[in-house]
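Letters A, B, C, D, E and F mark the chains in the order given here, with residues in each chain numbered from 1 onward.
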Amino acid sequence: MDAIELIPGNSLITKTPEEGRHLAIKLSRLIIKITQPDAAIRQQLRPRYAEDAALLIAIGQTVALEFATIAAANNYWRDQS
Amino acid sequence: MDAIELIPGNSLITKTPEEGRHLAIKLSRLIIKITQPDAAIRQQLRPRYAEDAALLIAIGQTVALEFATIAAANNYWRDQS
Amino acid sequence: MDAIELIPGNSLITKTPEEGRHLAIKLSRLIIKITQPDAAIRQQLRPRYAEDAALLIAIGQTVALEFATIAAANNYWRDQS
Amino acid sequence: MDAIELIPGNSLITKTPEEGRHLAIKLSRLIIKITQPDAAIRQQLRPRYAEDAALLIAIGQTVALEFATIAAANNYWRDQS
Amino acid sequence: MDAIELIPGNSLITKTPEEGRHLAIKLSRLIIKITQPDAAIRQQLRPRYAEDAALLIAIGQTVALEFATIAAANNYWRDQS
Amino acid sequence: MDAIELIPGNSLITKTPEEGRHLAIKLSRLIIKITQPDAAIRQQLRPRYAEDAALLIAIGQTVALEFATIAAANNYWRDQS
């Protein structure tokens, strides 16, 4: 079960902010996957949060938190901009 | 689906705090869009959160979190002020 | 609609912590305003959150988040104290 | 209404962590006071959150957020320890 | 009532991360204690949050927030590791 | 009861981001364990949060908070990448 890879590529460093944002989404989804490893149950839950305004906002907060860490790790991609 | 651009302009750097605030709003909305790509469902949910005090506050928290990252990326626009 | 000014004065810099705190309140209210631009609906919602303990606390969390960013921007007003 | 003082002493600097903690509590209470200026209504709400486990925890999160800012402002009182 | 000591030892500095974690738990409990000083009521609430998954998670978030401040205060105990 | 080890290895330093992520999960679970030391009750609660979308998201937020601290402690594993 713990064989799920929690950070694809095992690094927080990304080339661009856009990639950092995608990594933030992946990190937040992988925590849900390791907490509920049963794909069938996750499948049942998916419409629940994708059609519930409160849960969509809560997902947004989670991604914002993960992204804050990734952005700091990348020095906010300042050199690139 | 993942073709949605999550960070317009692919940069966290903005000219002013006001623009940074607008970027924070956009980032938070784009996470909702990628999580629920069906525009019709998002349309249905919109009155739900725009007329519910708890959800409006939760949106405010999300924007505050996104803005914290953007403000740090821009060194709080200190040179400009 | 996006013509609402989200950061009065377009700056996070304030003279004192007290002014910073007022700015944090304003920032959080302006997000609610831009999300729900209809003043009549906002008026209806106001008693909801001003008389609900959970919502009052949630507003407090939002202000705390906004203030953290403003305080960092002002180097915590250390020179002034 | 806005005449409420939101930061007693208009400073985030305190002599000790203990005083910083008390300031965090005060800051969080003053936001509730400015949002709901009617003392009678606040009085009615008080038993609500002091006897509800979820609200007590939410208050704890608010104080933790306020304290994080105050602790950073004071360089974590490192010189004193 | 305000005679409750909110930070045992009046310092955020601890010898180890483990001790820092225990301090985070204590800080979060002491906020609940000062908000609800009646031990009998706190006793009644205890099973509520210790047997409710949502509240257990909320307690975890509070401790995580307090610990973030304590860990920063201790420079993440880097010299020790 | 307080004999539960809250930080395995008593250190926030990990070799890789992946290990840091696993540590974040462990830290968040150990707070639940110390708050509810009865394994039988925890066992009963497990399906509750693993099958509830809102709780799964809340767990994700907790892990994100713990990971932010661990990532900062490790300087975001920048030297390694």
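Methods note: contacts are C-beta pairs under 8 Å (C-beta built on N, C-alpha and C of every residue); 3 or more make two chains touch, one makes a residue touch a chain.
Quantities reported herein were computed from a predicted structural model and do not represent experimental measurements.
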Partner chains shared by chain A and chain D (touch criterion as defined above): none
Chains in simultaneous contact with chain B and chain D: C
Relative orientation of copies chain B and chain E, as a Cα rotation angle in degrees, nearest 5: 180
Label of the chain whose CA centroid is most distant from the centroid of chain F: C
Centroid distance [mean C-alpha coordinates] between chain F and chain E, Å: 16
Cα-centroid distance, chain A relative to chain E, in whole angstrom: 27
Residues of chain F touching at least two other chains: 49, 52, 54, 58-59, 61, 65, 68, 72
Chain contact topology (line, ring, star, complete or other): ring
Chain order around the ring, beginning at chain A and proceeding next to chain B: A, B, C, D, E, F
Complex contact set, residues of chain D against chain E: 16-18, 21-22, 25, 49-54, 56-61, 63-65, 67-68, 71-72, 76-78, 80-81
Contact footprint of chain B on chain C as seen in their complex: 2, 5-7, 10-13, 27-28, 31-32, 34-36, 41, 45, 48-49, 52, 54-55, 58-59, 61-62, 65-66, 68-69, 72-73
